[in-house]
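Right after this note come the structures.
The following pair of complexes shares a single chain, chain A, combined with chain B in the former and chain C in the latter.
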Partner chain A sequence: MKTLNIGKDFSVDPIGRYRSDGDKRSGEAFREDFLKPTLQSLALNEILEIIIDDGVESYGSSFLSEGFAGMVKYGYITKEELLKKIEIKYTNEDFEFFKKKILGYIAAAKYNSKVYVPTQPYV
Partner chain B sequence: MKKLSKKRRELDVKIGLLHRQGRAKSKRIADYKKNANGFAVNAWVDRYRKKGLNLELSGNRLTIVLPEKLNFNSDLEITALNINAIRYLTKKRKVSHRAYRLGSVNFDYLKSISTSASLVLTAELSKWDDEIRNRLTPNIQNWDKDILVHFYDLGFFDLFKKKPIEIDKFKTDTSHSRRIVKYIKGRCGDDQKTRTLKTNITDMIGDQINKWMFLHGGLSEAIVNVSHHAYPKEYGFSGAEKNWYLTASFNTSEKELKVVFYDQGIGIPKSLPTSDLWEKTLEYLSIFPFVDRKKDETLLRAAVELDRTSTNESDRGKGLQDLLEFIRQRKNGCLSILSLKGLFELEVINGAESVRTDHFNNPVRGTLIIWSVFV
Partner chain C sequence: MLLQNTTLKSTFLHSPMFEYACTFSSLQLCNACPEYSALINENILTNEKLRVSIDLLNATLLRQENNINVFTPYIPIIAVIIGSIAAYFFTRYHWSFSEKKKIEADHLGKISTLISDIEKISIGYWIEAHNKDDVENEIYIKSKIKLLAKYVKNIGKEQESKKNDLNDFASNLYDLVTGDDFESHNRMASKNKAGLIAFLCADILANISSHK
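Moving on, here comes the complex of A and B:
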């Protein structure tokens, strides 16, 4: 099992949908630079544990939907495969709310419904 | 060639004189067209005076005299009227030297102002100050002491190069139960400034705010929404104008915390697209009577309750729902969104939600979001 700790490995202040919103802290940056490569490096049947509450204040919907559901939307992985491969972990029970949101966005995403066009960081 | 009569000659001379003096009818019309903005401003002022705006005129210099009370609750119309007057009169435009110009804003008669009204007023004066290269100077001689201390705590006087001296002596003379944190001004990408707000609120209240994380999420989404929707390119906003403002206050006797966020953009109803989203919005709006469908309050409600926003993708548009979560998680409180002529309000009492919308005559130009909870 591999572990991806959003607060330690990515940012304690994730925000926004695109790089133009939050640069390195956006959902787009999380998906393209962290989640996608980590999922692609998993062995067959290996699970990715994603810790969502270590030092992170909270999440906005823009970040969660672009960061997670974007994997399905841009055709990188089907929603069924993605839901099998990830386990959302937290110790602060308030983060149950965000786990539900992540799983909800993935379930509602349409596979390969959009072509990914990278955005530029906000200047 | 026909010989000119004496009468015709005298008329020709008279017309020639009028032309040379710039008083000929054709030149007056040209002047009018050239200075149409000037006359439009003057006509606007006359119209707003009739609506209740208190103005003093000295030459062509206007002074807006603020009323006794400013708030977006019981005195919304007069508050919006005054704020809009400042916005309109400080807007850059080429006008005749005879056109009215805003010279000052008189705070002498102001006795009571809400947290949200003081933030919006500060934002408008900050915008004006930016446009005239920081030349505003406050004249506080006759200000009410409580108002003076309130604006001092808000950080209002940090706008000015010349700050009032001896402000500390007024602090002990007032008794006010409402404390306010210094306002924060930010632009796209400045979301980390919300951590400053959290520190300031915690210092003010002396305790952590339960479920703060959900307010933080709502504020982050509000900031992202500003960068996406509030200041579209086609409306000609410069980079320096794309600001948001944030503050919070705590009423020590009622234990009420208010957090206020404001942007000076086009407003949520106008940011809904006229084409892409209209199909979905029309579907939603079809439940309303025909006359209500284009009202700002209806569009505002649609924006909050639909699962899409102007970008029209099915997984997008949840940002406004994030604003409601702090109140929902605490199971008590109120969220108000005022934008243009519409109000959307969610009240939660012991977990039970009720929604109210309203419509008013004088718009709030931009979007004002107010979270209100008891701690």
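Moving on, here comes the complex of A and C:
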């Protein structure tokens, strides 16, 4: 099992949807630079544990939907596979809301429904 | 005859003559005046019935007196104690029920105030394009929606339908307010989104006040 700690490995202040919105802290940056490579590095039947409450106070839905559901939307993985491969973890009960939202965005995403066009960081 | 009418009978009954007549044997009386004999016989019968009734009553009272056991004197005390205990539990139940209702109403009041705050900040945020106040508003919006989710989570199971309504609302509000170009430097004003937020909040506030 591999672990991806958003607060430690990515940012304690994840914001925005695209790189053009929030530089390195956007959902696009999280998906392209962290989630996608980590998922691709998993062995067969290996699970990726994603810790969502370590140092992070909150998330916007623009970040969560782009970061997680984007994996399905841009055709990197089907929602069934993604839901099977990740496990959302938290210790702070307040983050149950965000876990439900992440799983909901993935479940609602349409596979390969959009072509990914990278955006440029906001300057 | 001398005593044929009612007035005369009444006079006779209250006269010394009647007392005198009463000392006669019934046979003498029967022979003397058969009308008064019948009346007296009737009185004797009535008295006899009265005596039997009194005997019966005495016998019953005597039986009751014999049936009294050691607990009999305590029956009123026991009744008072049972009544007091019942009153205590009823009062306690009523008090805890009222307290629970008050706490629920207070909790819903807090949720209503919080929703109004989120509504005000969110509408102000989306009615204008990206500006210098965005960072502050984004922080408030995210923290208050998180707090709303926490408040909703704390609603008791006995208010399941209200909890479900508020959960759906919090989820929809989160998608609406923090979706699209939220936290983007390229964010454009969206009066349509501001209007949707206002209607969504108005609906749930009406729902909450109907539950209070």
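Heads up, the rule we're going with is that the second predicted complex is superposed on the first by the 123 of 123 C-alpha atoms of A that agree within 3 Å, B and C clash if a C-alpha of one lies under 4 Å from a C-alpha of the other, contacts with A are read in each partner's own complex, and residues count from 1 in each chain.
Methods note: contacts are C-beta pairs under 8 Å (C-beta built on N, C-alpha and C of every residue); 3 or more make two chains touch, one makes a residue touch a chain.
Since we're looking at a predicted model, the values are computed, not measured.
Engineer: Given the superposition on chain A, are chain B and chain C in a clash or a fit?
Structural biologist: Clash: chain B and chain C overlap once superposed on chain A.
Engineer: Is A:Gly67 touching anything from chain B or chain C once the two structures are fitted on A? First, second, both or neither.
Structural biologist: In the superposition, A:Gly67 contacts neither chain B nor chain C.
Engineer: Please work out whether A:Glu96 is in contact with chain B alone, chain C alone, both, or neither, and reply first, second, both or neither.
Structural biologist: Touch status of A:Glu96: second partner only.
Engineer: Looking at A:Ala109 after the superposition, I want to know if it touches chain B, chain C, both of them or none. Which is it: first, second, both, neither?
Structural biologist: first
Engineer: Quick one: from 41-49, 59-67, 77-85 or 131-139, give me the piece of chain C that collides with chain B in the overlay.
Structural biologist: The listed stretch with clashing C-alpha atoms is 131-139.
Engineer: Identify the overlap between the chain B-contacting and the chain C-contacting residues of chain A.
Structural biologist: 15-17, 20-22, 57-62, 65, 94, 97, 122
Engineer: Report the residues of chain B in contact with chain A in the complex, numbered from low to high.
Structural biologist: It comes out as residues 188-189, 191-192, 195, 211-214, 216-218, 220-221, 223-224, 227-228, 313-316, 318-319, 321-322, 325, 329.
Engineer: Residue numbers of chain A touching chain B in their complex, please.
Structural biologist: Interface residues on the chain A side: 13, 15-17, 20-23, 57-62, 65, 69, 73, 94, 97, 105, 108-110, 114, 122.
Engineer: Which chain A residues qualify as touching chain C in the complex?
Structural biologist: 15-18, 20-22, 57-63, 65, 93-94, 96-97, 100-101, 104, 122
Engineer: Sort out for me which residues of chain C touch chain A in the complex.
Structural biologist: Interface residues on chain C, with respect to chain A: 138, 142-143, 145-146, 149-150, 153, 170-171, 174-175, 178-186.
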